[in-house]
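The structure that follows is given in the form of structure tokens.
A, B, C and D label the chains in the order they appear, each numbered from 1.
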Amino acid sequence: MDFYLGLVQIIGVHTLLGLSAYCVLLTGQVSLAQAGFFAVGAYVAGMLTVLGGWPLIPALAVASLAAGIVACAVGFPALRVKGLMLVVATTAFGEAVRLFFFNFTYQLERGELRIGPHGGEGFRQIRYFPENGWSTLDVMLFIWVVVIAVMAALWWMDRSRIGAVLRAVGEDELAAQSSGINVTAVKVSAMTIGGLIAGLGGGLFAHYTTHIEHVQFGVVLATFAVAYPILGGLSNVFGTLIAVIFIQGFLIEGLRFMGDWRNLLFGGLIVLAMIVRPRGLIDAGTLVALKRLLRRGERAGA
Amino acid sequence: MLELRRLTKYFGGVRAVDGVDLTVAEGEILGLIGPNGSGKSTIINLICGLFPLTDGEVVFRGTDISTLPPHERVALGIARTFQNIRLFGQLTVWQNLWVAQKARGQGRGFLRGWLGGSRHDRVAIDKTLDFFDLGHKRDELAGNLAFGEQRRLEFARAFAAKPSLLLLDEPAAGMNAEEIDQLDARIRQLRREGVTIVLIEHHVELVMSVTDRIAVLNFGQKIAEGTPAEIQTNPLVREAYLGTQTAA
Amino acid sequence: MLDLIDALQSVADGVLFGATYALLGIGFTLIFGVMHKINLSYAAASIGAAYASLLLLAGVKAPPVLVFLMAAACGGVIGALVYFVAFRFIPLANPLATLMSTVGLLLLIDEIVVHATAGVPLNYPALFSDVVIRAGAFNLRGDLMFVFALGCVAMVLLWALLYRTRLGIATRAVSQQPVAAQLCGISIDGVNILTFVITGVLGGLAGAMTGAAIGVLSPLLSLPLTVKGLIVTVIGGLGSIPGAIVAGLLVGGIENVVQFFRGVSERDLYVMMLLFAFLVFRPGGLFAPAAGRD
Amino acid sequence: MYGKVAVIAASLGVIGALGAAPAFAQERTVKITGFGAKSGVVRVFGINSEAALKAAAEEINKAGGVTLGDGTKGRFAIEFLDDRCNAEEGISVVRRIASSDAFVAVGPTCSNVAESLFGILQKKVGDASDTGLQFPIIADVAAKGGLAKISEWAFRNVPSEFEMYKSLFAWLKTQHPDLKTIWGGVEKDFAHSNATFGVMKSQAETNGLKVLGQSEWLLADTTFSTQVREMRRANPDIVAISAHPFTTCGVLKEMDRQGVKPKLLIGLTSSSSIETLQGCAKQAEGIIIPTSFAPVTPEAKKAAEQVAKLGGSADLHSAAAYEIMFILKDVIEKQKIMAKADTVQADRVKMREGLAALKETNGLLGKVGRTPDREAIKPFLFVHAKDGSWQVLYKPAS
């Protein structure tokens, strides 16, 4: 049982990571800086609970805010460029964040132990959950309360005019500008929202893995962050969730019985998924079909 | 209402627009014609602020807006359509207007502006759609519309920003006679509602029938200006067109 | 004084090694030029080609030159495979899907290499590794000089291919005017495959050069080289071959200078921040055209 | 849902055997699950560990198996799961194992996985306020210093690098009193290399060597010329490299090119493997590395052969996995572990207590001491690369 609860935790946190990239992708930008924001969230939250002795929720809030501020600050210059330039610029930024934490040491004496981030050796013993009597189920529920809140907020945002504006910018910046939209402000806002969400995810990540170090926040994680929404489709937030379940639940854990083949299949199935569903697992067409199905069901029911 | 002073734009060594002076009066319909590549669309882009000026000024209602970013010019009341249609294809028809409309509503409270606006605003969008005969398509994806409908939607989207100055870049291109008649009627209706219009068009009949005044461009310079009747008899204009566009 | 010589020596070493970055950069840039898409699996495929050359020639005692040529050939084959797997069947209108499919392919190629070798680093042959050219206090490594020269030859051949043959003209036509090119009877599919084969050959050479310059091959290399290749591509300006060459050498040199002055822990931090600033304030790359494009 | 299939399939053997057989069956299957990296650049570690676990299990089964708490004979069955050297996946894998009837797990390969894993375990036994997982894990490879300190449920059969380098430098002092200076080289972004380098440096100083300085590089670096030039300038008697095979080889090759020929080379424990020889046998010639395994005793020779037969290679890491199987056998017998579905909780506690109570275990090279920190003090020897293989240079009396 614990195993499933743990897996659901992982799915939850990765969904947050994917959603942070989703916000930015809506405006048509591929950002590989999300792992950097995730790292900021992880380190800030971890330091607050371990070194500062803070309770988790305020620590998460501050972590999210910190990552949001970083995202906003980096968004202004970075979003001057687009396309491949932005991909590389954000990769550079994400790597810079990782390397900052590689060089970052801030330890306090606690009895005979030294606690806190210690450069390349990482930040050990972020044990807020077990020390405060949280069971795996509690942690899972807590993570999912956060995930559902974020998903609901994004779902609602998607339906509001903000969503239409974000997508309009993503489709055609020139036309959006000419329709009176401040494109820079919209893109930076999207990046900031993405940063807030990534920070939240990072804070949770630090606490359920209990140990963080710079290597975890590299290019691979950043790639996964954008892979989730792209693989899932950008038509709504559930695409990202489905993709996380596909990757974490199916490709990683579900295919375990394949033994040595599992890892070969991992990359291969991602390629295959993109060939079969180039617009993502859930695209606008799927939604229309689903709606039709639902409507037919309603009619049949009534 | 709009005044262009020595408007100049060079692309590298090419003088796309070269010292054009032009005034648009409140409430009039100004036609902007000229052979291909004469700088008409560039002027529109400069009025909207898509490129920086090389020289000159754009003055709108007495203030110099030459350095304002495009979205702020829209907020002042300048809206446009594109020659090559640029809709938000993955949004619905209704959402296309929604995006454009609320940009002006920001003054009435930030949140309301961003989250979707009042019932009044929604009704306004529906009315606009009906006016452009798109009401029945409101939930279709804009990318799935027929060509003529897409042109109408562009027009509608520009109008949704509640502009006082509307810049139409070849709205009749690719339309059939019936559609052009409807377009003619809509432009007149808008003028009655007080919208000032600058119309770029190759379709001579439409220009001649609907405009109050016409300015003619060639090689980035203004070569003539006057009523449609005056323009038709202007020898300079004939000369400009003869070599390049006899059919027009 | 010693410091100055050392710093210069570091730059020289970096620039020489930068030839491999330049080749990778050219590969990325060519594919981008023709298809307007990024092939993220490119560096992994290059390392894969170098591995393939070792594994295919495992039984025989092949001279290094043969290993290099084999790597280039394998690179070409892998290039064509990459095109069919990750590009051919995905509609042009979905650049994000291609981006992701190449990521999947990157992971797949890496994992195939890992399965074939258990992830163990392998000895890679080098030519002229025992030659050191001394000029005063200066040393130039023979094998790096060779790698550098090989890189230059490859670039010259590529240039000749693109500008002096009918194939090259077709490639450039497709990159500039795909529709018109088709109307002139050029097969886009053919040109695409050709581009992938050519870039694959370059990549195979780059992989072999990397292996030769370090002396060992490891799947550890593919991710850092992907990042380096992308960096070189954008610094050089998208689609610009001379840009990629200069940027490759530049990145190699700068890396070593920063390392010399700031140490290895902070090296990449500074390089990344420099890059970020460069991209943001000079997005057109080194040889950006004077006027902005819309 | 997806994972369930695998869990069921995996535990079918145990459940099937237990459920179908009467209470006093003659034989029971005791499933031991190992885990570690079997993909990515560290795949070889997983392959070796798995082979070693299986080889040891075969050996034990051949000799009659293990006597369980109720007197029945148990036969070991090994399963090995891949964690891809990823902390989240490692946690998943351990939770998966802990959700089955397993009473112990062996792994992981990577120290960063061990950090997270041991972190989710209960820190102090019996601390009711700590809801960490109560499941004993014994590590075979993860080498970063002091890991078992994290939780009382965490054990390691990993050699103490501190002891090894302490002894090595003391021995060098007696053997080569003429060597006065040392230069270090360290793979800065790899926690294990970095930590071990600290040990090397302090031990060198303790034994009267003058540390002239150090060169630093990163795990995936491709050029080492600047670093090696510093080394050449210093002209040290000894060069000590704390890095894994890939960069160790890169640096050795660069030293060769630049003509840096120190009188003595010292390497990192993990590099005393076949990988270094495959990467750069010629340049590595003469490098001295302390290791806790070499086929010098009859047991060790036999173990090496068996591991090789199963497709692995016995080195200091996989030998630890091999030994662990025998440790587990002893603890099961001493603690009267039942290995039944309904005694899982009790078995786990017994296993932990048994492991914690160990003062000494039998290793392939001799007796292995246990510390109160749940770490091992393993016998070791010094090997050097000679003619393309690792040969024993000296075996300190322990």
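Everything below uses one rule, namely that contacts are C-beta pairs under 8 Å (C-beta built on N, C-alpha and C of every residue); 3 or more make two chains touch, one makes a residue touch a chain.
Worth saying up front: this structure is predicted, and the values here are computed from it rather than measured.
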| field | Minimum number of chain-to-chain contact steps, subunit C to subunit D | value | 1
| request: Kindly list the shared contact partners of subunit A and subunit D, in label order. | output: C
| task | Could you tell me which chain lies farthest from subunit A when each chain's centre is the average position of its Cα atoms? | result | B
| query | Of the chains present, which has its C-alpha mean closest to the combined C-alpha mean? | reply | A
| remark: subunit A and subunit B have mean C-alpha positions lying a whole-number Å distance apart equal to 42
| field | Cα-centroid distance, subunit A relative to subunit C, in whole angstrom | value | 31
| Roughly how far is subunit B from subunit D, going centre to centre by Cα mean, in whole Å? | 73
| If you average the CA atoms of subunit B and of subunit C, how many Å lie between those two points? | 47
| task | Spell out, as numbers or ranges, the residues of subunit B touching 2 or more other chains. | result | 50
| For subunit A, what residues touch not just one other chain but two or more? | 102, 120, 174, 260, 263
| Overlap residues in subunit C, where contacts from two or more other chains coincide | 110-111, 114-115, 223, 265, 268, 294
| request: Could you please specify the touching residues of subunit C with respect to subunit D in the complex? | output: 2, 6, 9-10, 13-14, 17, 110-111, 114-115, 118-123, 129-130, 132, 139, 141, 143, 210, 213-216, 218-221, 223-224, 256, 259-260, 263-265, 268
| remark: subunit B contacts subunit A in the complex at 48, 50, 69-72, 74-75, 79-80, 82, 86-91, 95-96, 98-100, 102-104, 113-117, 141, 157-158, 161
| said: Quick check on the complex: what are the subunit D residues that touch subunit C? | reply: 39-44, 47, 188-189, 216-223, 225-227, 229, 233, 245-246, 249-250, 253-254, 257-259, 274-275, 278-281, 283
| message | Going by the contact rule set out above, which residues of subunit A touch subunit B in the complex? | response | 160-162, 164-165, 167-168, 171-172, 174-183, 284
| query | Which of the residues in subunit D end up touching subunit A in this complex? | reply | 1-3, 5-7, 9-10, 38-40, 81-82, 84, 87-89, 91-92, 95-96, 98-99, 112, 115-116, 119-120, 122-123, 129-133, 144, 150, 188-191, 194-195
